[in-house]
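By letter and in written order, the chains are A, B, C and D; residue numbering begins at 1 in each of them.
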Amino acid sequence: MHERYEKEKIKAIWINENKLALWQETELAVIKANCNLGKFPAEVFIKMNQFLTQAPIDISWWKKRDVEIRHDLNAFLEERIRFISPDLQQYWHKNITSYDTEEPAFAKMLKMSVDIVGDSCDKLLATLFELAKKYRYTIMNARTHGMEAKLQSLGKRCLTWLKELWIGYGNLQTASKNLNYSKLSGAIGNYGGLDPEMEKEALVILGFMPFLGATQIMPRILYAPLAEALCQIVQTLDKIATDIRLGARSGRPIFQEPFGKTQKGSSAMPHKKNTISTEQLEGMARMAKGYLIMIMDNIKTWEERAIEQSCVERVAWPDLFHVTVHSLENMNKVLSGLVVFPDNMLQEIVESRGCYASDEAKELLKELGAPFGLTSEEAYRIIQLAAFNAFEISENRQIFRAAIAESLEEADRFLTGFKLLRASDPREFACQPTVTLETIIASGLLSTSPQLEASAETVEQWNKILSQIFNDPGNLRRWQEIFQPSFLLKNEAKLYKEILGK
Amino acid sequence: MHERYEKEKIKAIWINENKLALWQETELAVIKANCNLGKFPAEVFIKMNQFLTQAPIDISWWKKRDVEIRHDLNAFLEERIRFISPDLQQYWHKNITSYDTEEPAFAKMLKMSVDIVGDSCDKLLATLFELAKKYRYTIMNARTHGMEAKLQSLGKRCLTWLKELWIGYGNLQTASKNLNYSKLSGAIGNYGGLDPEMEKEALVILGFMPFLGATQIMPRILYAPLAEALCQIVQTLDKIATDIRLGARSGRPIFQEPFGKTQKGSSAMPHKKNTISTEQLEGMARMAKGYLIMIMDNIKTWEERAIEQSCVERVAWPDLFHVTVHSLENMNKVLSGLVVFPDNMLQEIVESRGCYASDEAKELLKELGAPFGLTSEEAYRIIQLAAFNAFEISENRQIFRAAIAESLEEADRFLTGFKLLRASDPREFACQPTVTLETIIASGLLSTSPQLEASAETVEQWNKILSQIFNDPGNLRRWQEIFQPSFLLKNEAKLYKEILGK
Amino acid sequence: MHERYEKEKIKAIWINENKLALWQETELAVIKANCNLGKFPAEVFIKMNQFLTQAPIDISWWKKRDVEIRHDLNAFLEERIRFISPDLQQYWHKNITSYDTEEPAFAKMLKMSVDIVGDSCDKLLATLFELAKKYRYTIMNARTHGMEAKLQSLGKRCLTWLKELWIGYGNLQTASKNLNYSKLSGAIGNYGGLDPEMEKEALVILGFMPFLGATQIMPRILYAPLAEALCQIVQTLDKIATDIRLGARSGRPIFQEPFGKTQKGSSAMPHKKNTISTEQLEGMARMAKGYLIMIMDNIKTWEERAIEQSCVERVAWPDLFHVTVHSLENMNKVLSGLVVFPDNMLQEIVESRGCYASDEAKELLKELGAPFGLTSEEAYRIIQLAAFNAFEISENRQIFRAAIAESLEEADRFLTGFKLLRASDPREFACQPTVTLETIIASGLLSTSPQLEASAETVEQWNKILSQIFNDPGNLRRWQEIFQPSFLLKNEAKLYKEILGK
Amino acid sequence: MHERYEKEKIKAIWINENKLALWQETELAVIKANCNLGKFPAEVFIKMNQFLTQAPIDISWWKKRDVEIRHDLNAFLEERIRFISPDLQQYWHKNITSYDTEEPAFAKMLKMSVDIVGDSCDKLLATLFELAKKYRYTIMNARTHGMEAKLQSLGKRCLTWLKELWIGYGNLQTASKNLNYSKLSGAIGNYGGLDPEMEKEALVILGFMPFLGATQIMPRILYAPLAEALCQIVQTLDKIATDIRLGARSGRPIFQEPFGKTQKGSSAMPHKKNTISTEQLEGMARMAKGYLIMIMDNIKTWEERAIEQSCVERVAWPDLFHVTVHSLENMNKVLSGLVVFPDNMLQEIVESRGCYASDEAKELLKELGAPFGLTSEEAYRIIQLAAFNAFEISENRQIFRAAIAESLEEADRFLTGFKLLRASDPREFACQPTVTLETIIASGLLSTSPQLEASAETVEQWNKILSQIFNDPGNLRRWQEIFQPSFLLKNEAKLYKEILGK
């Protein structure tokens, strides 16, 4: 992994020093098991353990030997046997095959890496938990298809992020159960000169249960779910990252990534505060998928095994762990330092002109309109028309909407003209609080729209009915109520209670 | 392919009727070639051609027979031989193997499909060409990292879309050159009873050149670039689609997908106009990558061939073509009917408060400041500070930014309060046209920012220097000029000239 | 999916008729729940249910309407409302959003499809179970790296296949637990006008539990493990298929795919019996990975949802199910009809000249040699040399190994000459039973090999030691024993007991 | 990349030292271009060049600064500006943006890496060229579907490998043409304060042409074909590697990977010579696909760019190059040292009992049989039957084929019994040279087969016709001829001539 994204804790697991130490651990466990079962003299383990723990593994000797004999496990065996007294050498690696030594070590490396991921997950879940609590009543526009849809609390959005990550974490935990199994069943998995009892004894010493039905190696389908769970987690982080990027778009941002006091956003444009961390998370998600694909392919091997999977596993597993941990830590930094602009959220809501309640408005109008002969379809079309009306623009502005500049000089003039319009035309600002879905309907102020097919007569008739409906103060009160956040968000309590337990 | 995304023209190429017709075409070409070369009696072709063209292929007979003998090409040969007089049967499929028949047919199906893609590409390129011309002087904020960066014309953005699609189209054309080759070299590619001259003659009749070095089949590396080019095109469409979706986000959209007068955006929320077409394009891009992966795997086969590639090719190729053509047509509909809001683009520019020229401002300040002892680094930091200053908010609003609601009722009050602020505080609107990067610098009105580390003394000193610089009317004129679109976009002419030829 | 690989049962689940029926089921469950909870008048459900179940859904009306309004769920609502009396229309789809209707239906379709996969899995597992039992004592060479490694029973290989598929099946069952959840929480997942109690009531009617923390849609990370489990299963089938293909290679096949009495293996080469079914399984595995990649990408969506995932799910899910079920059925056909050649397995063993016990031989020699001063390393090198000696060829044959033909005519002569050698030189056959690893060592008949570095002196010395060792009849008996299948396979009993329970 | 697969030459290109040197090269080219065009004073370049080339880049200073400001290019600019006199600082990185500096450097790194790949490709192509020449007349069984199909020369198989790699190499060269373009068009690609003439001048200095239509960055679709070409090459190597593995399977190997005199094939089984190099190539192919997937995703970015692609490119590009070069070198080692067993190829041919000519036999029989009323279908069925007859086994052996052992002791007995059969039954060997497709047909010795449906009467009738046909010595001569390698391989000359030019 590139040094920029490499995590020290993951690296420490996958380096040669640790791998060979774990190989030695397996070899010693096998010897101990054989001693325990009376197959080797009892002192063999004690002496062997002394020899080997006293003599540190010489990594450079091993590397050199590996190049000569082209077999890294054999090179390790030879490096070690140098320190074993001749009378005990026959007990060294007895009856077992290279992958008997390697498989438990490999499963341990995966396990240790999963623990690191788990720690990072825990931290991020805690951050999300805190965010959800903090912003439980901070209201914002929820968006579907990028469009302002309905009101929600920012805390509720955090809950959906939290829950999704939780699922990923759960999948990781399920997948890592497979790491509790390993094998010591010989070169083709049917024990040959080995004893199933020894396998069990040695694996228990190492913290594993025997997997029955291995070939020379553990079937790689056991590890595929782990890679998948890691990849899913990174994809979920990309989803959260994307939500942040979308909220941070300049204009009227609701979010901002933490930005240092001495940070530079751009070499060219000093005003920039870029969402570089969340963008990087998309890159990480791309990488995670690539590593997953590599590992999925490892399920297939020839007969009792071939070694296609080895190089892939040397590269893809540590790199996938680096990517996952880096992504979790990166996201935790972003969310811990996330700048939130509740005022901009309010501004978005105000400027959405009541449409955030169009769903409830439509349902209420169906109900209130029924006695007046309004069909469900008409209720839908009335709310749609009112929503479109609410966003109609002034004639002055209409000019700017319709005109296409024909030269750069005209573009200059348009910009100057538009500045003037903004500075002078009260409707550019004033219209917003008063012309809303709420008021148009309640006052029967629908007008035809070039965007919809309702005719002037239809619209007039609709306005008449609306006036009748909202003449009734009870109806009006119910109408006004649905535009209140406290009305719209009341059921979020259920989510907080069930997910956060509060 | 699901009927929703299936294209009639692609389907017509890949149905059994067409495939078997193309198989027959190959068989007849082989016979004709053998006649031409004097290997078969001259009348064999004439008679055989008569027999076969008079008797339409009975697809259901063929299907039934295929199930029995589990070999679709053999079933075809048997279906056809029913109509060949006994004395000519020995010339039928003589010396060639199934894949001699299938390969030219397969290459033809790919070729025909590429032509359909080409037509759709041409149409979309023409649409982009028109859009680029139409919006040559329609100014907008370019965005990097989602942030308003600098000014550009909308036409220029269209040019970058156009150019990218062009590259994809070029890759497609390069890739399709491989479709000019095929093979008739027998069961393992070394001709056996066949004659290389016959191969050449027959392939020329079919419109191909011989590929020398085939096994039983053409090496699939020949077709991989085609799948890649198709996939690239769809990825590019997703890129364009994403730009449209980003521009269409509600609040102050600059784009809108075409929306019918009777369309319904949502079953629940009548106000919605969703970007469903461009979102679907992202789904299409996901599918295209999946099909590419399938086809890449086909490069590998055992020895002189095995048949792993066959089922993949039956599914992935037509489906990839459906996806590509559907995506191109979909994008063409979106772009042809694209609703553009130039007024909102202007509003975005105005509200970006001059930051769109921060790059040029920084460079000019470096130059103008140098005589006053301003370093490059200081010039950068001054512009950065001014930009941050330009977005500072009123104290009234600061309250809303800082406060976190503690209950839904408080959320109601915040919303009501914020509406009032918007309706009453002139700074909510008035600040914008006057407090800009341009004016802050030109008037030496920098102030400290909690977001940056410059101290009050530093800022005071900077303001002093700025006043000195812009006391000079020449400097001021140069300063004001860089905020003009006509200054900032002047070099776009180069792009229009080189890319559009105008 | 191409008709060739399409499964009727899967198709029946994913067709429009079923989908719309499931949508109606959801709508009715919502109404019933509202009635149960007293929110709607009790008779609403009874009447609505009558109206809708009496009037079959008009698929062509729906399709036409969908094209007009570009919203398939709204078109369905309109199709249905035609049959609802005006007074009840306000209760139709009340407060819920399109995806409230779609999500339970989608989860049901997945569930139903998983059941089909489960049935096919069960059948295949049963077949593997039977094969394992049948061939419990049928001995064969296990192969690692494609090389004959050690003896095993064919039943044991079946056990490893069985176990691997079992893991995949277990992953499928784990993954399908997520299908027990669904949502009816409105357009952004915070209930809006909806009631969490209603969600629970309606989902229970439909057979689900509520998922708390959805947006407009269920998070797609819930379904990713399902796609992964399906893909894993198909990869495992490809692994099994590859083992069969490798065993079926002509020369001395140990397996053969079922081949019909009227089948044709090749249009050109009548002698062929090709492994077309198992090769197709590799193609299926390629496809499954492509669909997985598509579905993995669906985890990401914008904010409270966008619709990128929809087209992917319409295509990739049913197609992945078709591929999985087809692959399972295909493999079951192959394994049910698998032709096994136990005699060829024996021939392979005989021709491997005792090397199948080289592991046990090395360990025994270490033990027996230790008193004579043989080191572990020497024991290894002696067995290696004996194994290489066992495969040395006659001088006559050596000529054919070394000569490179210089013309086709010489190639003719080589072939004729080799036929003669085979027909006349007894060593071509006779050497095999007598010159084996077993006899070379036991008789101290090691000779130097150009492939290994042991010198003549070393070899002589080794032979001397070997003679001494095997002078002892007890040692010789132990030596001979390790070449017996009953010795080598004795521990397989453990596997049968633990995996098959017998 | 893991040290095991890392290539020094690739590493040297992608390390920070080289990247920053290339960044400086770009910066200096921009300054030089500005001087050349009279925009900067002429001496600026000379002095700047002196300053910067005299002061080596301090990588650790740069790294530290990067962490502080979180912008690697800005950190580089700051590191460098330390050595520039204050009066020249305003010319440093003037008007350009970070990615103006990075893009040409990135394209150069790709270019340099492609050159390394090219060298490795050239070497491997040369090796394949030599192999093809050397084994031009070494005959072997070609295999389709793993089954012995027809005769070919080993040289011809090498030609098909050569040709496939050639295509990949050609795709690489085509793809690398895109590396001739770069951009210096500012932060959004419309030049801003920049001059298109300067871009051209500077890029020419750097060895590029301007790409018109960039955004802040080059569109990544330009680089996708390069990743694809690399991936294709590695897939092709996996194809070749698989052919070698298949040929090296023990039993009667035709190939063997080079194996050192001191090598150990297995820690457990001293007799093993494993195909570890070619198996590793399959792993490499899995990795290459993963990296390709990552890079394909980079085509998509938001608007005028976001930075998702950056981390992917830092990792996936160098790693993909490492994988490609390692694979090419690995394959070159394997092929350069490939052990070929021509005698085993001959043995395979002999033991295929004439079936290698079943295609020619069928065609000749069609022709010769027509006057006797044999239909094409009958000719096919006769050859099929003869082929099946040729492989019928003795009754003694039939016992071993049919019996299923019921205990391990019975398995012992079967093995002993089979050894005896092999040692004593002459039919185990003698049948082979005499009972072949050639002799069965020529002598009219067809017999019924339980595997095919031809009845005894039919077979008798066929035998009669065959006797009549081959009574004619001319027919017999033609028949015998088709079993000669010189007849079957005569057209390979065409392939050698066209592909090798000789």
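Everything below uses one rule, namely that contacts are C-beta pairs under 8 Å (C-beta built on N, C-alpha and C of every residue); 3 or more make two chains touch, one makes a residue touch a chain.
The structure presented is a predicted model; accordingly, all values stated were derived computationally and were not measured.
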| item | value |
| --- | --- |
| Pair joined by the larger number of C-beta contacts - B-C, B-D | B-D |
| Chain pair equivalent in interface to A-D, over half of contacts matched, among A-C, B-C or A-B | B-C |
| Whole-Å gap between the CA centroids of chain B and chain D | 29 |
| Separation of chain C from chain D, taking each centre as the mean of its C-alpha atoms, in whole Å | 26 |
| Chain B and chain C, separation of their C-alpha mean positions in angstrom | 36 |
| Where chain A touches two or more other chains at once, by residue number | 95, 97, 143-146, 149-150, 153, 186-187, 192, 245-246, 262, 264, 266, 268-269, 274-276, 279, 289, 292-293, 297, 302, 306-307, 359, 489 |
| Chain A residues within the chain C interface of the complex | 78, 81, 86-87, 89-90, 92, 94-95, 97, 142-146, 149-150, 152-153, 156-157, 159-160, 162-164, 167-168, 171, 174, 186-196, 212-216, 219, 221-222, 224-225, 228, 231-232, 235-236, 238-239, 242-243, 246, 285, 289, 292-293, 296-297, 299-307, 359-360, 363, 366-367, 370, 375-377, 488-489, 491-492, 494-495, 498-499 |
| Chain D - residues contacting chain C, complex | 134-135, 137-139, 143-150, 153, 245-246, 248-252, 259, 261-262, 264, 266, 268-276, 279, 293, 341-344, 346-352, 355, 358-359, 362, 380-381, 383-384, 387-388, 393, 397, 400-401, 403-412, 414-415, 418-419, 422-423, 428-430, 432-433, 437, 451-453, 484-486, 489-490 |
| Complex contact set, residues of chain C against chain B | 1-2, 4-5, 68-71, 73-74, 77, 93, 95-98, 101, 186-187, 245, 260, 262-269, 274-276, 279-280, 282-284, 286-287, 289-294, 297-298, 302, 306-312, 314-316, 319 |
